[in-house]
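We call the chains A, B, C and D, going by the order they appear; numbering starts again at 1 in every chain.
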Amino acid sequence: MLVVMSAQATEEQVRAVCQKIESLGYRAHSIPGAQRTAIGITGNRGEVEPGALDDMPGVQEVIRVSKPYKLVSRDLKQENTVLKFAGSPVTIGGADLVIMAGPCGIESREQAFATAERVARAGAQFFRGGAYKPRTSPYSFQGMGEDGLKIMAEIRERFGLLIVTEAVDYESLDLVDQYADMIQIGARNMQNFSLLKRAGRAKKPVLLKRGMSATLEEFLMAAEYVMSEGNYNVVLCERGVRTFADHTRNTLDLSVVPAVQRLSHLPIIVDPSHGTGKRNKVTPLSRAAVAVGADGLIIEVHCDPDRALSDGMQSLYPDQFDALMEQVRQIAAVLGRTVPVAAKAESLRTAG
Amino acid sequence: MLVVMSAQATEEQVRAVCQKIESLGYRAHSIPGAQRTAIGITGNRGEVEPGALDDMPGVQEVIRVSKPYKLVSRDLKQENTVLKFAGSPVTIGGADLVIMAGPCGIESREQAFATAERVARAGAQFFRGGAYKPRTSPYSFQGMGEDGLKIMAEIRERFGLLIVTEAVDYESLDLVDQYADMIQIGARNMQNFSLLKRAGRAKKPVLLKRGMSATLEEFLMAAEYVMSEGNYNVVLCERGVRTFADHTRNTLDLSVVPAVQRLSHLPIIVDPSHGTGKRNKVTPLSRAAVAVGADGLIIEVHCDPDRALSDGMQSLYPDQFDALMEQVRQIAAVLGRTVPVAAKAESLRTAG
Amino acid sequence: MLVVMSAQATEEQVRAVCQKIESLGYRAHSIPGAQRTAIGITGNRGEVEPGALDDMPGVQEVIRVSKPYKLVSRDLKQENTVLKFAGSPVTIGGADLVIMAGPCGIESREQAFATAERVARAGAQFFRGGAYKPRTSPYSFQGMGEDGLKIMAEIRERFGLLIVTEAVDYESLDLVDQYADMIQIGARNMQNFSLLKRAGRAKKPVLLKRGMSATLEEFLMAAEYVMSEGNYNVVLCERGVRTFADHTRNTLDLSVVPAVQRLSHLPIIVDPSHGTGKRNKVTPLSRAAVAVGADGLIIEVHCDPDRALSDGMQSLYPDQFDALMEQVRQIAAVLGRTVPVAAKAESLRTAG
Amino acid sequence: MLVVMSAQATEEQVRAVCQKIESLGYRAHSIPGAQRTAIGITGNRGEVEPGALDDMPGVQEVIRVSKPYKLVSRDLKQENTVLKFAGSPVTIGGADLVIMAGPCGIESREQAFATAERVARAGAQFFRGGAYKPRTSPYSFQGMGEDGLKIMAEIRERFGLLIVTEAVDYESLDLVDQYADMIQIGARNMQNFSLLKRAGRAKKPVLLKRGMSATLEEFLMAAEYVMSEGNYNVVLCERGVRTFADHTRNTLDLSVVPAVQRLSHLPIIVDPSHGTGKRNKVTPLSRAAVAVGADGLIIEVHCDPDRALSDGMQSLYPDQFDALMEQVRQIAAVLGRTVPVAAKAESLRTAG
């Protein structure tokens, strides 16, 4: 914490602020400058409540200096976290890129299987699909619930795809933890701290999406919530933030990828489907996400987007996804990364 | 839904779009203009998924027209909703303004009682205080839980104040529903739809805070979630939105007050404490909130803000709250509204 | 400037940063903390370029501390600036509120006179109206130019109203300086530094509107540009900023009023017309602006808004402006401020 | 334009709105829906002023449909615009990517030449450098003016680089038009319409940077201003927009690249230096910009960034720029694009 005094602050005012700081159990370090004095605060009792100082006479501004994250930080762990999945060669955060693909929502066994076959064949390692859908309207399709989870478990068996799907409350989280390979916490729940703590006590890794107006610090602190409960397998996901810009549904903030990588050891992937909300922007932004250095992509693909019950407008046709995968592979190669082809998918590919 | 064709769209392309619309079970209404054709879509099967049309040849843009809210809308109910509280003369949404005040978090019986006495004496009708605190850091004070709720229940008995406090998950919601008079859903949970539905099945009214980046439509749809489960007693609360501006913690969007009042019959109050995050901005913005036509205020007051465990920087000193109430009363009078003095508070005032 | 070292920075890295700082001609003040070291920088050679330090080993963050504004600052001049206008009792920044009103653009002598009569009668002290209109489209009405200025000069003679109007380049600025009483710099030109410097050499006071995405610091620095050239008569104007919110054209940021008043001695007024872009929001936000403590209002009024050539959607009907003035007077009284009635307007009122 | 009536609007109210529309000289097309009526408006007299309709009884919303841009639009010209430069093989908007590089500001002949040699050797086709600097503070370095332009003209002779540099007012624009190969209009002047029109009458092509909070439509309309005066050689440039995010100075909005390409035939390049404001983000975002499909890059490179007079924090060291060019070439190849090496640069390369 740093207290900046106004240019006209008297020596007495500086002294009073220092005394206040010491009375709260911290040490005050006065730094006299050419025009004004700043006062550094140190101590190991956690942070001073700035409200104690902000309104004192002569104080111009109180600036917070230290960062609150611990477990997510590279200060604690310098090497990248690489997630592994039992019985699978797939990793997240290593040299391989991870590709997650599938429909916005699971609508039926037919729709899910038809889509899964295509994304497996194209080389995705994860199947994504919502069984519990957070929809803006209570009258919109809310997902198939546990039946959707069962369909996805079948897909894992059939196509060798790992499963990632969203949990929206305790009940769904417990079921997702049971059926799926990775628990997604959606953007709208990024600061649902009760749910984050529960995810921190789950067995499966967590895919944590950035909230629509989350700062980098808030994003990392949400991951800290999960980790503070003991679950260290967290993957971050940029999915667009809310701005004034209206040519896309959200503004995809690709600069957060290198920013996260500088501060944290956790992997970060990108969701260009929600990040743009428009089908014709998904492929270019997928290329860009890989080029910026993301550890993977999560993409909406639907076997029949025109009749999708949700988010059809941003879902790729399977043929578009094939073409996207081809481009992504080439860009990944420039960065020295690969998009591995899983064994079962390989057989699908040769059979296809 | 309206489909705007590009200026160069052929007649055949227009026809193809119309056929597609009809094939989806809707009616297409072609509106030829001087430069381009627009196609209106009607039907009573809910909304067309725009993705079905957005990428068709000749289509420039698909514009959503109809609004999804029903129960919150003035279309359904023209007169203002006025909330009543059993055994209390307090109302929300009528001619009287409601004033809610208290500390950010309940920290101890002493702190809560000392603050409650002061806010009651100054004329608040509700005591606010967090027993469950959604904090950005897992290492920050998370609230006293049920013990905090019990302290607030005592405060109701002692000072005649109604109690409003935040619920963050099912368990806390059930307890808040039991101990308090009004259930607060915080900004971070505004799109926690599971929690909203549970609140919709609670007995007590709901105070719903606007999410940090919620549009007016999303804000109203969150209320629709609560109402769609049968709880019609919802009060909205503007508490600042996230923008680039850095002179306040959030940007208080007072224009949302008349905007809500135009579209909805629900009451709306303003939280200038979180809306600004700075003590010295609370009083001017409280005056402004009343002047813009809000139905009330919710304000952080702490008997000793310098030692508050959370949000001390934005909490008023009790003397500042006294002065604020005086100004608020006078502005309310200009709008033909009053800030009534509760019976018990009156006796406190004369005793004080 | 403050350099925050990472928790793992070695003593040697701290030393290297200190040496770098000293080599650039500044003094380094090391502040060892419980977890990390911070290094304060002082010196009277202006600010260090942070790029010199940001990438050094062990550096986590470089934080700018000192503020760049001088002439606008209360550090330099503690008492409020009060503008006076030769031969007129009108002031800006004192106890009296200033009310500026008129059409978005001057369209004809008839339209301008009809509107001017109404706003004078209602008690405005300034007539506003665009002769040079910055329009998003080159094909929209761009204003009457010098002919519009001449009409406004006639209005001053006829109705005793002072004139404020926008300048968009050197030529128009010189003409506005000649014909009007106050030179408006619009939001789109807030960082047109060439124009600001020219306005700083003009004879007349400047009304400086906040840019659509200007921070408080940028806003004050724009005023600093004008003042640095010798024109100390600057009035700031909040007119809404750009955010994700779509229920108003811009988001009116009333908290900037007390924020400016804390840092600067310059007056600040509010434009609720552009700040909301919707007629039905202008009156409530005008009340709020006065209640928050603004020094005045600038409002669009048009004698026939349905046929206005620009911004008709946000212009008040004259009867609405009459009602607004009545409410504004009452709110102003609560804050101990008045809306004086000019002599000529008084005679209009009695004649009316 | 589309008028959406409220669900409770009477037939009479619908009729009144239609009559109003016709009275203004347009045609009204009533589209009755299941719940509400919408009314389409057509006509070739330009757009209705929505204020005429917005407040009529029964009207819920007025939605603007038609887009105001003409010359920038693909509706007018379907094939991409490709800029050529007399006596140079360089193009912008064709298969070749254009790379512009150089210091933020021209500080001295030595600094400019040292930097130019390095960027030419690395393969840039354009040298960028500010002679007129729009700085937030009037006390910051404002550029060398015409002397800076002369240095850049020498650089063209010496290194075979084309020159692009910013103009901030009429005088500087005329000089830039004389000395340079391309006139840059900066973000802060994107809606300085007087300057845009002047640039529209210049001989040289215009590089138009997106304003900090410009929507896509406003961005295109700014280009329309230039084109409407007869200068059809316009290149757009994304350079980051202002959002709440604080991990970069601006939020680089790469999705605007495909969005522009869909609507307009004009080329668009990306500025990752201002777009992020941080040196360590420039290379990843440069890769992403090429991957998303941009027609080129403009990048700050400084031979000694630690001692730069402006923006040193975001300027690359020459060695970093070399490495960036290598990566950019490889990504470009994936998209079937090339980064050509100019003849003189080639000789520098072999000499180097």
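What to note about this one:
Here is the rule we go by: a residue touches a chain if its C-beta (ideal position, glycine included) is under 8 Å from a C-beta of that chain, and two chains touch if they have at least 3 such contacts.
Nothing here was measured: the structure is a model prediction, and the numbers come from that model.
Seen from the Cα centre of subunit C, the chain whose own Cα centre is farthest off is A. A comparison of the B-D and A-D interfaces places the larger number of contacting C-beta pairs at A-D.
We define each chain's centre as the mean of its Cα atoms; on that basis subunit A and subunit D are separated by 30 Å. In whole angstrom, the spacing between the mean C-alpha positions of subunit C and subunit D is 27.
Separating the centre of subunit B from that of subunit D, both taken as means of CA atoms, is a distance of 39 Å. The set of subunit A residues touching two or more other chains comprises 213, 242-244, 280.
Listing the residues of subunit B that touch subunit A in their complex gives 24, 46, 49-52, 54-55, 68, 70, 134-139, 168-170, 172, 188-189, 191-195, 197, 212-213, 217-218, 221, 224-225, 228, 242, 278-280, 305-309, 311-315. Residues 213, 215-216, 241, 243-248, 251-259, 262, 275-276, 280-281, 284-285, 287-293, 327, 330-331, 334-335 of subunit D touch subunit A in their complex. Interface of subunit D with subunit B (complex): residues 2, 4, 6-8, 29, 31-36, 38, 40, 42-44, 60, 63, 65-67, 73, 75, 78, 242-244.
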